[in-house]
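What follows is a set of structures for review.
In the two complexes below, chain A is the common chain; its partner is chain B in one and chain C in the other.
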Partner chain A sequence: MTEICAIKEVCNKTLQIIREGSKEKRELQWTDDKCVGCGICADICPVSAIEMGPLGAISKGLMDAPKLDIDNTKCVLCGMCASACPFNAMDLKIDGKSTKEIAQYPKVLRDINLEQSVCVLCKQCEIVCPQDAITVERTTPPRETLVLGEIQINKNTCVLCGICAEYCPADAIDLIKNDFNPLSISPYKDIVVDTDACVYCKVCEKACPHNAITVICYKCPLAKKIKDPELYKEIDGKTTIYKEKCVTCGWCENVCPVGAIKVSKPFEGELKVDSEKCNGCGGCIAVCPCNALAFPKPESAAQKVDKIAVNQNVCVLCGACTKACPVNALTVCRTSINMTETPSKAWQERFKTLLCKK
Partner chain B sequence: MYKLVVYQEKCHGCGNCVVSCPVNARDPNVYGGKGPENEDIVVMRVINGVVTLINPELCGGCGACIEACPVNAIELIIEK
Partner chain C sequence: MPEHILSGIKAIVAMNMKMDGKTQREIGEYLKVDRSLVSHYLTGRHPSQRVLKVASDIIDMPIPYSLKIIHGFSDDKDLIKNIITYLYTITLKIDYEKCIQCGACLECKYGGIKKIDEYNIMVDSENCVLCCECIEICPINAIKIVNKKLEE
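Now for the complex of A and B:
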């Protein structure tokens, strides 16, 4: 009997296990950039061929190392890891065809969708996204369409006292300094108004002790409240979600003020935190792809707070934190997996091991 | 796949790693800077003025000791 040996190739943050037999060629490829360190692959591997690296130290940037290693002498290239990986970091190709394209192989499902017509382009999702997977571009009409008016300073009555400049809320008034000397004794030589900054609010006109300023505002001469926000329909823009970067954590969905983003997560359940066990290494916070964990800060002196806390709404239950924690303070308890069906009983049973034990 | 290593020739014996290690901190004795007395649960301890690994296999790879060490005398290495 000839031994079928799988070859391991490590190159440029990817790891490949290749086995070429007489019937078919199988290639398992892992990509470090897409991997979040959740360790679902290691948990589901039926032959324990995958070992996780020092995730805390790697995520903190203390060392440059792969997040996991695959033992080619143990790996049987079954592809279960590729099917279970929610982040497309693992891929099995059989004769060049990815198992993601083969119906019998199950896939963990998650998605994000944006309703552009509902989006108000507030940019809050862009700010909070922990993976920089969202960009919001917006263009607004020029400022002149909102403020319009005129301002005049009578240079004959103005004494260049600068009181108007002190009051101006838009910093639109500048006094031009004079290089004074015995032949030109004034400290200032002129006063100018930056009409790009001026909002014709009339504060300077009221403040001027010498009645030298005249301001006319064309937009609100009768000082009435503006009835409807007319600008809104003129705001133009686009929100772009990069699905390949998105980890479906739900930060964007939770901050969106108008419900324009819908996220479907890969798992349902709960991340259980045993705050008493936590010794504050911060490995979980560093590794979490969702920015879902934090050290709570006391609001007042001597207030006792939990050592570590999670926001369940923005957690995907991937379990990366549980793999990084050296003292088992975190446990992921998944109650269901959002995935396609597989006809294989053995695979169904194996996927159930990712669920929490009742 | 990874291993905790110490370079005793670099170590100043400050004990930062001993107190920052979350595995050591499971034992309340660590708060006093002494480190756990129980031989079975301690990762590293300062002996005769230098850091000494007792149970490096208990290391969970969090990197707290690496962050705490002022002289780079402790690190994690990848074993092939």
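Now for the complex of A and C:
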């Protein structure tokens, strides 16, 4: 038997380890774009073939380097890294078939699901998502279907003083400037009302010292005839979650006011922060795919705050921060892994090493 | 020189077989030698005592070493397998609790390890010539030499 050396191919931002033998061909592929730098692959690798790059510098944009490297002389292409990677950055193919399709290979499970009928299209999830994995499209009925009225400015009595414009809460009144000169001496040449902005509130009518404005509001007398816009009828929309981008951090689930999003995370546990050790480099904040870490800001000048803080609710316990931290101020303590079963004792044991030691 | 020592080892196997009641013909066929040579082996005319001593020392070495040396004597893996199976009641065993399914051992050039399905592997005793190279290749030492009798 001759040991077949696996070859390494580095192309753009992907890395491939290939071993083509007489019985089977194995290809391990790693994609930098999908990798968050959590280092779970390096931790689980039974032959220590994976080494993490300088994650802090890479994620701060100070350095352009791959987040990890696989040593093809050590890698045995067992695929444990591919099964353990929660972010699908690693894939092992045996004779062209991904181990993700082979039942005996365990898979780390995580998911996000949206109940569109419950969603109120508030867009808050779209704003907070650290991976831009959610978009909310929303169409509202034209304003004039809700705001009915008339407004008129009597140009004969109006002196173009602009007092109405100053009071207008909707900024609907504009004075048109005049390029004044000896032949046209007025600073303004006209006054206009933007009926798309005016809500017929009558403040201008009240405010005008010259009684030049007349406003009629139909909203109250016609209230019953104006239909209230309803969600998914007059107000329509759709929330789209891009699962391949989502890291299941749970920001969206936590901000959703109606519980329309359910996130199931890959791990349970806690990220432990030793604020005393922290040197404030910010590597963890830069690398965190979940935006779960922050430097707390003091509310008053003398207030003492922790150097670094984490919101456990939006942490996915991937451990990227622990790999980026140069002073070991962070430790990830996972108590369970949400994964499918594997018959292999050796694999079960390796997966257990991802859990915190008691 | 290697041929001499191989003869010594064959002679020892021949003597063992004789004690087990095998005929000279059976011994000759098993060891791929002439009946006349078998007779030399059994009467002690060939090979020399010195060669027999070295051969016997090799056989008594720790099994992984002796297997490696015996395999070095000939490319006739059938013959070597015959010799080894007579000298030692061993077989290879995969410790499935340790195996990480990396597939490195599948490259055995004798086909001694086969895939049962896309996930499971097993030792194919028919093909295995007990060269034990898979033991060295296995990254996590999941393949072991075990006593065949204890396994059965």
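The rule we apply is simple: the second predicted complex is superposed on the first by the 330 of 358 C-alpha atoms of A that agree within 3 Å, B and C clash if a C-alpha of one lies under 4 Å from a C-alpha of the other, contacts with A are read in each partner's own complex, and residues count from 1 in each chain.
The rule we apply is simple: a contact is a pair of C-beta atoms (placed from the backbone, for glycine too) under 8 Å apart; a residue touches a chain by one contact, two chains touch by 3 or more.
Just so we're clear, the structure is a prediction, and the values are computed from it rather than from any experiment.
With both structures placed on the common chain, the touch criterion links A:170 to neither chain B nor chain C.
In the superposed model, A:326 lies in contact with chain B only, and not with chain C.
Looking at the shared chain after the overlay, A:18 reaches neither chain B nor chain C.
Of the two partner chains placed by superposition, only chain C is touched by A:76; chain B is not.
By the touch criterion defined above, A:346 lies against chain C but remains apart from chain B after alignment on the C-alpha atoms of chain A. Shared-chain residue A:102: touches chain C; no touch with chain B.
Shared contact residues of chain A with chain B and chain C: none. Contact residues on chain A toward chain B in their complex (touch as defined above): 51-58, 60, 62-63, 65-66, 68-69, 277-283, 324-327.
Looking at the complex, you find that chain C touches chain A at residues 96-104, 106-110, 115, 118-120, 131, 133-134, 137, 139-140, 142. Looking at the complex, you find that chain B touches chain A at residues 1-2, 20-23, 25-26, 58-64, 66-67, 75-76, 78.
Of all residues in chain A, only 1-4, 21-24, 26, 46-47, 76-80, 94, 97, 102-105, 344-347, 350 touch chain C in the complex they form.
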